[in-house]
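As written, the chain order gives the labels A, B, C and D, with residue 1 at the start of each chain.
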Amino acid sequence: MIKSELFYRVLYAHTDMMGVIYYAKYFEYFEAGRNDLLRNLNYPYSLLEQKGYALPVIETSCRFFLPGKYDQLLKIVTMMKNVPSVRLKLDYEIYNENTLLVSGYTIHSFVSVRTLRPIKPPEDFMQLIKSKF
Amino acid sequence: MIKSELFYRVLYAHTDMMGVIYYAKYFEYFEAGRNDLLRNLNYPYSLLEQKGYALPVIETSCRFFLPGKYDQLLKIVTMMKNVPSVRLKLDYEIYNENTLLVSGYTIHSFVSVRTLRPIKPPEDFMQLIKSKF
Amino acid sequence: MIKSELFYRVLYAHTDMMGVIYYAKYFEYFEAGRNDLLRNLNYPYSLLEQKGYALPVIETSCRFFLPGKYDQLLKIVTMMKNVPSVRLKLDYEIYNENTLLVSGYTIHSFVSVRTLRPIKPPEDFMQLIKSKF
Amino acid sequence: MIKSELFYRVLYAHTDMMGVIYYAKYFEYFEAGRNDLLRNLNYPYSLLEQKGYALPVIETSCRFFLPGKYDQLLKIVTMMKNVPSVRLKLDYEIYNENTLLVSGYTIHSFVSVRTLRPIKPPEDFMQLIKSKF
């Protein structure tokens, strides 16, 4: 498993009139988490795009256990539990202090950044990932 | 089944540098759809809150088949397929012209708008819903 | 003067924990207004981009008189008060019913959509605009 | 002058199909900056709200010199240049490395968090601010 932990401060912009984080915002936190996981591998997502690949989300799911609040310093845990094939799955857990607020996952497909059509994942990326398992 | 269809114009603000709608934005479109479904029942969500109830999302899921683009006039189809109990589930399909772009669902829990603790759904709301099935 | 009026429904997503529309959201409403103004001229912004032009914002300003709220059907009034030169200015007023909530403006520069470098505005666009003054 | 510097990573979510940061997003970065300035004073904005005050934006302005991009680690410089009276003004500059991308300001009014009506700023807050000038 490859894992990253990122701390992320909740903005007022992320809250809604219920006084809690608006549910769609967690998917941006997931993105912050996966950026962090890839950056920690020395293979940031921007490098993938420079090499002609993109990783759009083709499926996502999220369960909300407890509401997050303004100004909390959330911990975003991102996990790649399996070596990707044509698809890549990431799991996420978001904590405030040690309380789990939400958990979810995203599934991504490797596509050409120009055509958005599916393509084989880059060799060097796959070798790097495999070396971590 | 209770169903609503809402047309929604894609803003530049909703796109990302891949040239398509950013995945988290679809959850805002889902919200627009459920607002519309409730408003069409003459029981808008704001009325629920005035009566002391809120309907936070406790689970959501979405599959992305084709990318949505700037300036498309998307059709958001929202469906309540079953009479809610303590939970309410809504299904969504988003189309550009007649092409399905994404489908998903949200599950909501009735809570007190003050305490955010679970409570029984309002009687008049439940009767209204049942009268439509 | 060229003017458009667009009605726009406030989402829960647009609110914050103060119970009102978060200030940055109004700039998305401004965008909805200018899209509408250009579409009404039969020269939608997407056509500008197809022809190789983009209109990034180089300056914006906004004054907030009264808070907007969830579910209001806001009226976005967008006004082009002068024929653009290398720059294009738009003024905005946002109303709930007949109450002015905010006013502001955006100033845009014509750039190449590929290089983001300033270029002369398209001839046909300028002729169209001039014909309306 | 009271000043804070905060580093903030640009998400894909913040970009648009022009390949740059969408203009409205900078106002969220301004918010991150002012949260940071207040937190550094040991008077975080959340404390203001606990004491019954809110600081809605009543005016804002922003000039965009150069486009920000995905994954940049922006530096948000927030400055309180004068002791606030009934209004509080903050100035912002956002840099990528040492290049200024945008500058702007926000003007805030002290209001009651319950009524959103203007009230006198809290004594202890004002004394704290004055002690820094």
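Rule of thumb we're sticking to: contacts are C-beta pairs under 8 Å (C-beta built on N, C-alpha and C of every residue); 3 or more make two chains touch, one makes a residue touch a chain.
Every value quoted in this text rests on a predicted model; they were computed, and no experiment measured them.
Novice: Averaging each chain's C-alpha atoms to get its centre, pick out the one most distant from subunit C.
Specialist: A
Novice: Comparing A-C against C-D, which pair counts more contacting C-beta pairs?
Specialist: C-D
Novice: Between subunit A and subunit C, what distance separates the C-alpha centroids? Give it in angstrom.
Specialist: Computed from C-alpha means, the inter-chain centre distance equals 33 Å.
Novice: What whole-number Å value describes the gap between the mean CA coordinates of subunit B and subunit C?
Specialist: 27
Novice: Need the CA-centroid distance for the pair subunit C / subunit D, whole Å please.
Specialist: Here the centre of subunit D sits 24 Å away from the centre of subunit C.
Novice: Could you say which residues in subunit C touch two or more other chains, in rising order?
Specialist: 12-13, 18, 20, 24, 28, 31, 70
Novice: Give the list of subunit A residues in touch with subunit B in this complex.
Specialist: 18, 20, 23-25, 27-28, 31, 54, 56-64, 67, 113, 116
Novice: Which residues of subunit C touch subunit A in their complex?
Specialist: Residue positions touching the partner: 12-13, 15-20, 22, 24, 70.
Novice: Can you list the subunit B residues touching subunit C in their complex?
Specialist: Counting only subunit B, the residues touching subunit C are 9, 11-13, 28, 31-32, 35, 44-46, 70-71.
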